[in-house]
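The two complexes that follow have chain A in common; it is paired with chain B in the first and with chain C in the second.
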Partner chain A sequence: MTIYNLYIFDRDGQMLHYAEWVRKKQSGMSRSQVSPVDLREGYLTYCTNKYRLHLFETPSRIKFVLNTDAVATGIKELLHQIYTQVYVEYVVFNPMCPLSKPIESELFAARLDEVVRQSPAYASRPA
Partner chain B sequence: MTIHSLFILSKSGGLIYQHDHNQPSIDNEKTFSYPLELKLDLQNRNIVVSFGQRDGIRVGHMLMAVNGKKVTGHQLEDGREALEVLRDEANYPINLKFARPRLTTNEKIFQASMFYPLYALACQLSPEPRSSGIEVLEADNFRMNCFQTLTGVKFMVISDPKQSGVDALLHRVYELYADFALKNPFYSLEMPIRCELFDEHLKTALEQAERSGLSNV
Partner chain C sequence: MSGELFTLTYGSLVAQLLKDYENVDDVNRQLERMGYNIGMRLIEDFLARANPGRCYDLRDTADKIQQAFKLYLGVSPSIGSWNPGGDEFSIVLETNPMAEFVELPDHCLGLRYSNILAGIIRGACEMVQMEVMVWFIADQLKGDNVTEIRIKFVKRLEDAIPAVAEEAEVQSAVKPPSSTRASPCWSGFRTEDRDSQRPHCSAHRVE
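Now for the complex of A and B:
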């Protein structure tokens, strides 16, 4: 299992942070009401034959987008952990971090890296 | 186990077939006293709950009936404005019926063509080379499986997340499409499929998939 990269967007769609662990293909360039029933939580994921994208949206509409390989499990919990234990602790609680600007805190980036590397989905990455 | 609906997109992204198989109808009827606990708003000429969820009535649900009288758009059967009726204290207690709005045909066409660029974008965004487009899209309470044929036609099934055997179903639908739509001399490519035999066989296939999905669990 592998975790490829993570995007954090704020409520206006501005990218707050981008982190990358494994990425084999670089992009050449810089999603409505489908559900027949009411959505319970803001968690959505799609998968192709190569990767799976996970979207976790908080009630304040901050979006966490994480790409993993197609079979990774426990990503919902990981994203929730990134939100509560990394974003809230190191960005919201940091008076020097403006909330609607890209995150520049090194401590945040280091902690994010640590949390992702510790997750079981990252552990068994193929060579 | 349920299969909610099926979409077929032509290779240029147009909706050529849509079938609602098992759409849950979510409606709630309740008697309210003055003042109303819900905040209602006019959206797209319909009256929609914009704030205040209670007793199964959720934000986004549409006002369907007032005291048993059907509401079409923002008007009652007798031509009165529904919002004005609700504003008048003399009309209370009042019985209101809310339901989750169904997609109109136009909205279905719109959504189907929205999926087309998303599918293409998913390949572009891929961290791995040579990725396909979206094959499965999952949320808390539904799942969409998409199967693209070599010729670029897309078959999409929206079902319960626990429904199994959807991949097999999609291949079965492709088979039916080849047999009953393509071999029909009156069918022209890229045009909506209007073919009774196809409809019939499709319905049987969907029912079978639902039943076998159940026995697999």
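Now for the complex of A and C:
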């Protein structure tokens, strides 16, 4: 399993953060419809034969978009963890971090990287 | 953490504001504003910790506000006094932890001591697309039996995403992305300001 990259958008669609672990510029043929798994929980995913995109949206409309290889699992949990343990703790709890501007905190970026690298879905080799 | 420390810290904040403004109406306004800024951030912590999901009606919202009171203030207020239209309700606190050890002196009778709560509720609701009005209708500090906060649903705030997102993409194709990111969006306190800034804001982005 491999994690490619992550985008965080605010409620107005502005990008707050971009992080990249493995980038393979491949789109592939779409294999599935973009269909909400469970709207109440704000999680959505679609898959092509090259990658899978996962979207987690909080009720406050912050969006976390993570691209992985097609077989990665447990990403919903990982995105929730990124929201609760990284975004909330290092951006929301930091009064010096404006909420509607790109995130400049290095602590945030470092912690995000750590959480992703420690997740079971992360493997350093592209599959 | 001890609730007393919080209560006393809030008390010194109110005392300081009274010293700074010398006018209870200004203090009420400042407390509401500070609360609004707290609520904007506190909602994220609430969503992350309690994982309550979206609200589908105002009764749902009322339950979640009750839950938040439990989480942050350690009290369980009762919810009630719904108006016939179902867009207005009360939160009734038997005891108000913010106002412990407090007595209002005579020259402060116009002060809404716990007004920060009104701001917090308004700010938090706004972040989940609900514009609400919040005000105190009973206060134990003023001799009432309970403290009662009234909440009125005003309107649902709509997203203004698609147009802005497209413009941002077009712009990032010609300019370095940093300029897109740095463009200030709204940071006002009131939704009217926010709405009046929007057109200006998107016009700025197209340039």
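In the analysis below, the second predicted complex is superposed on the first by the 109 of 127 C-alpha atoms of A that agree within 3 Å, B and C clash if a C-alpha of one lies under 4 Å from a C-alpha of the other, contacts with A are read in each partner's own complex, and residues count from 1 in each chain.
Rule of thumb we're sticking to: contacts are C-beta pairs under 8 Å (C-beta built on N, C-alpha and C of every residue); 3 or more make two chains touch, one makes a residue touch a chain.
Worth saying up front: this structure is predicted, and the values here are computed from it rather than measured.
S.K.: First (chain B), second (chain C), both or neither: which does A:11 touch?
M.R.: Only chain C is touched by A:11; chain B is not.
S.K.: Using the touch definition from the top, say if A:51 reaches chain B (first), chain C (second), both or neither.
M.R.: In the superposition, A:51 contacts chain B only.
S.K.: I'd like to know which partner A:23 touches here: chain B for first, chain C for second, both or neither.
M.R.: After superposition on chain A, A:23 lies in contact with chain B alone.
S.K.: Using the superposition on chain A described above, determine whether A:74 touches chain B (first), chain C (second), both, or neither.
M.R.: Neither partner.
S.K.: Tell me which of chain B and chain C touches more residues of chain A.
M.R.: After superposition, B is the partner touching more of chain A.
S.K.: Which partner chains sit in contact with A:43 here, chain B, chain C, both or neither? Use first/second/both/neither.
M.R.: first
S.K.: Applying the touch criterion given at the start, work out whether A:100 contacts chain B, chain C, both or neither, answering first, second, both or neither.
M.R.: A:100 contacts chain C only, not chain B.
S.K.: On chain A, what residues does chain B touch that chain C touches as well?
M.R.: Touching chain B and chain C on chain A: residues 40-41.
S.K.: For the complex, which residues does chain C have touching chain A?
M.R.: Where chain C meets chain A, its residues are 40-41, 43-45, 47-49, 52-55, 127-129, 159-162, 164-165, 168, 177, 180-182, 184-187.
S.K.: If we count contacts the way the header does, which residues on chain A are in touch with chain C in the complex?
M.R.: 11-15, 40-42, 58-62, 83-84, 87-88, 92-93, 98-102
S.K.: Which chain B residues qualify as touching chain A in the complex?
M.R.: 4-5, 23-24, 26, 58, 60, 100, 103, 111, 114, 118, 122-142, 144, 158
S.K.: Under the definition above, what is the set of chain A residues touching chain B in their complex?
M.R.: Where chain A meets chain B, its residues are 4-5, 22-25, 27-29, 31-41, 43-51, 53, 67, 69.
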